[in-house]
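Read from first to last, the chains carry the letters A, B and C; within each, the first residue is number 1.
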Amino acid sequence: MTTMLPTKRETSDATVIAPTRRRSKPLRGRPGMFTTYAQELRLLNTRPKRIWVSFIVLGAVLLPFGVADDWLRLLAVGYVAAIGAIGLNLVTGYAGQVTLGHAFFLGVGAYTAAVISGDPDGRTLGLGITFLPVWLLAAGVVAGLCGLLVAPLAVRLRGLYLAIVTLGLVFLGEHIFKEWGAVTGGPGVGRSAAVPSLFGYELDQDGPFFTGMQQMYLLMLALLIIFAVLARNLMRSKVGRAFAAVRDRDIAAEIMGVGLTKHKALAFVVSSFYAGCAGALFYTVTGFFDPGSFNLLLSVQFIAMVLIGGVATISGSIMGALFIMLLPRFTQELPSLLPVVSSSPTDFPNVFQVESVLYGLLIIGFLIFEPRGLFGIWIRIRNYWKGWPFTY
Amino acid sequence: MSELVEVVVRGLGTGSVYALLALGFVVIYRATRVISFAQPAFMVAGAVAVSFLSDEIGYALAVPVAVLVGAALGLAVERTTIRPMIGKPVFVIAIITLGVDVVVRVFVNALIGTDVRQLGDPWGLETVSVLGIAVQQRFVASFVVTGLVVAALFAFLRWTRYGLAMRAVALDQEASMAQGVSVGKVFALSWALAGGLAAVAGAFVGTGSGIDQTTYIVAFAALPAIILGGIDSIVGAVVGGLGVGLVQSLVAAYQPDVAPWLGSNFQVVTPYLLMLAVLLARPYGLFGTPEVERV
Amino acid sequence: MTTRRTNTLALLLAASFAVTACRAEGNGSEASEDEGGIQTDVGVTSEACPEAVNADNGCIYLGTISDLTEGPFAPLAVPIVAAQKAFWQRINEQGGIGGYDVDVTTYVRDNKYNPEVHNQVYQEIKGEVLALAQTLGSPTTAAILEDLKASDVVAAPAAWTSAYDFEDVILESGTNYCFEAMNSVDWAVREFGAENVMAVHYPGDYGGDAAGGVEAGAQALGVEYADVETGQGTTSQGGAIQAILSQQPDVVFVTTGPADAAAIIGQATAGGFGGAFVGTSPTWNPALLQSPAAPALKAAYYQSGPWAPFGGDTPGHQAMRDALGDVTPSDGHTAGWIWSYPMKAALEAAVDNGDLTRAGLLEAVKGLDTVDYEGILPEAAGNYAAEPGEAAFRQSLISKVDEAAPTGVSVVEELFASEAAESYEFSGPCF
C-alpha cells in the first residue's frame, strides 16, 4: 500500500495527485525518513549502505587484477565458505535450531557434484556432466532432500538434544563416506572434485584473458552475491519473520499460527541446500578431497564463522567466513613477527599450534566479549560515527 | 561362549570409560544446564598427566594425582570462561566449551608429541582367568575402579552437605540460593568433579595401546550415552555409558560376520543409532526428567 | 549522473588500474640464464640461500611435504626431514652443486597424511621450488601427481608404491612395496613353511600395493591368501584383530602405521594367535619396544625393507651417522638420507647439461641409469632411463627385532630377490 504525503515539493512536481499505487520517493533532505513499509524493507535502504556496498563490490570485482593467485585462491574459498555460513546462519541464527551437522550436508553436496561431473573412466564413480549449473543445483537439491529427511528430528527435539543428534549425523555421514569407496575413493585416498565448466569453457584452467584462479575467484564472487541476496530476500519476507518467531518463542509462535513443523523443516531444507552448494564449490578450487574432511571439526568451523561473524545477519556470515578462512594465512606470517613462534612443527610453540589455539581463543573471546560478533563490532563503529561528535 | 564372555567384558571395560565421562557431562549439566564439550580435552589431559607421573611415582599413585590435576583444570576453566557467562544462552556457553576443548587439546597434544605415549599401567595386554575364561585384566580393572568411583559419587551426593547442595541446585537454582546454598561454589565443584572423573577415564582409556593425538575422539561416544540415559540423571549416565560400551563391543565382534555390508568399524556409529532408537521411544532418555516448556 | 559522480567513478577506475601493477609473480618464473650459462626458471635464484653455507653460491629451492604432526607416519617423517636436511648440508659444505647451494628448509609443509591438505600445501609452494625433495605418502602424492606431470616438477617420494616406477617425474629409491611383499612371502614360506597367509593393510596406494604383492607371491608359490583392509587409528583395528583370530593364518603381512601395527600384533597375540608377522618397511618404529606389544613384537615380528637399517655397515650409512651426529636413531633417518641420492645425481646431471630448468631436470632424470648410493644399494638400483620392466629394482631384505640395534631391528637376510619377483611381468602397478 503506498501513501502520499502531500508536501509542497511533492505536489509541485506531481501532475496528478491520485491515491493509486505509485512508489513514493524518499523525501529530499530527509534520507533516513521512511514513508512506506516497502521503503524500509528495501535491501539497501539508506544511502550510506548503497555507497558502501557498491564500494565493496567494486573492490571485490577489481581485486583479481591487483592481487596474486594464492590470495585469490584463499578468497575464493572464503567466499564459498561464506555461502555455507549463510546457510548455517539461516537455520541456527534466524530459526534458532542448533545444528552441528553442517559438515554432513557439505559432504553430500560435494560428492553429488563430484559424481555428476567426474570422469566416467576414473577410479571413482563419475557421470561426466561438467556444466556448472547442473551439478551445482543437483548438489543443492540432493543436500536439501537430506535436510528434509532430518527435519522431522528437528521438530521433535530442541536445544542441546538436537545439537547432539545432528552431531550423530556427522559421524554417520563420516562412516558412509569412508565406506562408500566407489564414490569417495576411500579414506586416505580421496577423489578429484567437481569440474567447473560453463558452455564448454573450463573455468579452472588458465584462459585467454584471465588465469584459472582469477576466473574461479570471479565465479565464486558472483555466486556469493547471488546466494547472499537470495538469503536476505528470504529473511526479509514473511518466512524470515516466521523463523524469528520460532527462534524466540516457538510455542507462542505455534499458537499465533506460525506452523512449527513447516518452518523448521523449511529452515533445514534451505540451510542444507546452501550447504550442498557450498560443499560442491568448496573443493573445485583445490581440485581434490578426502572423505575424512567432513568431520566435527568442519561443523565447528562453520559454527565459529556464524558466531564470530554475527548471528542472524547475512553480512555477518560473510565477514565471519572470510575471517576464519584467512586466519591460517595470517598466522603463517607470525614467525617473522614473533621469533618465539617457530614454523617447524616439531618445536613448541609453533605456527600450527598458535593457529589452533587462536581459533579456540577467538571463539571464546568473541562469545564472552562481543556476542554479536564482527557484525556487532561494525554496528558499534557505525553508531559511533553516526553520533559523532556527540559520541556520549 | 568364551568369546561372548570376552566381548562382554571388553564392552563393560570400555563402557566404564564412557560412564565416567558421561557422569562428568551430567554433573555439569545438572548444576549449570550446560553441556560441556570440554570433557574430551580433560580426559586426554588426565591421561597425559598419568603418563608423565607414572614414570616418577608409579601408576597407582599417579592416578590420584592426575585426578587432582583434572579437577584443578576443570576449576580453572570454570572460573575463567564459564563464570562470566552466567545468564547467557545455554547454546553460547556450549560453544565456549568447544573453544576451551580446542585450546586445551593443543597444549595437551604438544605434550604427547607425535609418538604414542604409554601410561605405565601394570595391566598391559595380560589376561586373567574369570570363570575359566581368559579376559583382559585392564577391562576388569577399569570396571572395578569405575564401580568404586560411582559408589563414592553416590555416597557423596547422598550423605554430605555439598552433595545435598548439588542436588538442590540441580532442582532449582533460585530456591537453593534462597536457602543459603552458594550456587557459585556448586558450579565450581561440579566442574572440578567433572574434570576429576574425566581424568580417571583418561587413566584407563590408554591402557593396552597408549595415547596419541587422536585419543580424544573416544570421548565423543559418551555424548550419545548421556542422551540415551537422560541428560540430567546420574543413574542414566552410568547405565548409558555401560550400555553404549557393551553394544559397541558386541557390534564390533559380530557385525563383520553378520552384516558385512554395513562396512568396517561400524561400531563407531552404533552409539548414535542406539541413541536415536532410544529417543524415538523415550524422547527424554531412559531416566531423564521431561522438560517443562513454557510459553 | 552528476559531474561529481562521474568524477568519483573515474578516479576509482584510475586507481584500480594503478593497483594492477602490484600483481607480483613468484620466485622468478621467467626463464633466465645465469653467469655459468646454466638455464634456470622456477626455484633457482642467484642470490644465496637464507642461512647459506657458501655465500657466493646461488640457491636451489627444493620443497618438502611431509606428515609432521597428525598422521600415522609422523614419528618417521620428522627424522626423514632431519636426515634430508643433514644430507644437503653435507653437500653444501662440500661446495654445493654447480655453484648453487641446495635449500630444503624454507619450503617445508605439513600434509597431515591427508591428500586434500597435501594438494593444498603443494599449490602453496609450487611457484617457489624447482622440485620436491620429499613428498610423503602414496595416496597423498597420487593427489598431486597429475599436477606434477603437467608442470614438469620432479619429486622424490617418501613412499615405495609400484606406480612410481611408471612415472618419469617420480624419483623413487629402493624396491617398491609390491616386490618387497613378494620377497617377504617367499622368505616366509622358506622359513616357516607357511601355507596360509593374510595381508592386513591400509586402503590406497600404500597398503593396496603391498597386498597386491602378497597376493602375487602367494599365487606364485601356491599358498592360500586372505586380504583384510583396516583403517587408521589404534581403536579401529578390532576388525583386523578379529579376522586374524578367526582365520588363523600362518603368517600375517602387516602394512599399516607403527602404532596400528602394535595394536594389531599385541592384541592378536594376547588373543592367542601364534603365527608370525612380517611388516612392510614403514610399519616399524623403535618406540614400539616400549609399548605393551613389545614381548609379542620381540617373539614374532619380522621387518622387511628396501635397505639396511640405521646401523648398517656401508660407507653411505657411516656418512649418514656422521652427518646426523647425536640423534635418537630412527629408520626415518635412513630413508630420508637414501632418498636424496638420486636427486643429487639428477641435479648434477642437469648442471652438466647446462639446463637447471624444470624441463631440464626432468630430462636429466630420464637420462640417469646409475646412481651412486655410496654402497647402500647397488648402482644399478638407480636406473630411471630404461623401461620399468627392466629398470625396477627387485631386491629387499628381512630384519628381526633386536633391542641392541640402534633402531631396534637388525638384518637376518641380506638383499635378495625371490624367484616370484624376478619372473614377475612388471607392466603395470600392482595396485
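Going forward, contacts are C-beta pairs under 8 Å (C-beta built on N, C-alpha and C of every residue); 3 or more make two chains touch, one makes a residue touch a chain.
As the structure is a prediction and not an experimental result, all values here were calculated from the model.
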Query raised in the report: Which chains share more C-beta contacts than any other pair?
Result: A-B
Query - Chain whose average C-alpha position is farthest from chain A's own - result: C
Query - Distance between chain centroids, defined by C-alpha means - chain A, chain C (Å) - result: 39
Query raised in the report: Which integer distance in Å separates the CA centroid of chain A from that of chain B?
Result: 35
Report summary line: chain B touches at least 2 other chains through residues 114, 264-265, 268
Requested in this report: Could you tell me which residues belong to chain C and also touch two or more other chains?
Outcome: 68-69, 78, 231
Report task. Two or more other chains in contact with one residue: find those residues in chain A. Result -> 178, 346
Report summary line: Contacts from chain B onto chain C in the complex sit at residues 114-116, 118, 124-127, 136, 208-210, 212-214, 217-218, 252-253, 256, 264-265, 267-268
Query raised in the report: What residues of chain C sit close enough to touch chain B in their complex?
Result: 68-70, 74-75, 78, 229-231, 233-236, 238-239, 242-243, 258-259, 262-263, 266-267, 269-270, 285, 287, 290-293, 296
Query raised in the report: In their complex, what parts of chain A are in touch with chain B?
Result: 98, 156-157, 159-161, 163-165, 167-169, 171-172, 175-176, 178-179, 249, 251-252, 255, 296, 300, 303-304, 307, 346, 348-349, 353, 356-357, 359-364, 367-368, 371
Query raised in the report: In the complex formed with chain C, which residues of chain A make contact?
Result: 58, 62, 65-70, 73, 178, 181, 186-190, 283, 286-290, 292-293, 343-346, 352
Requested in this report: Enumerate the contact residues on chain C facing chain A in the complex.
Outcome: 12, 16-17, 19-20, 22-25, 68-69, 78, 108, 110, 113-116, 119-120, 123-124, 127, 139, 142-144, 202-205, 231-232
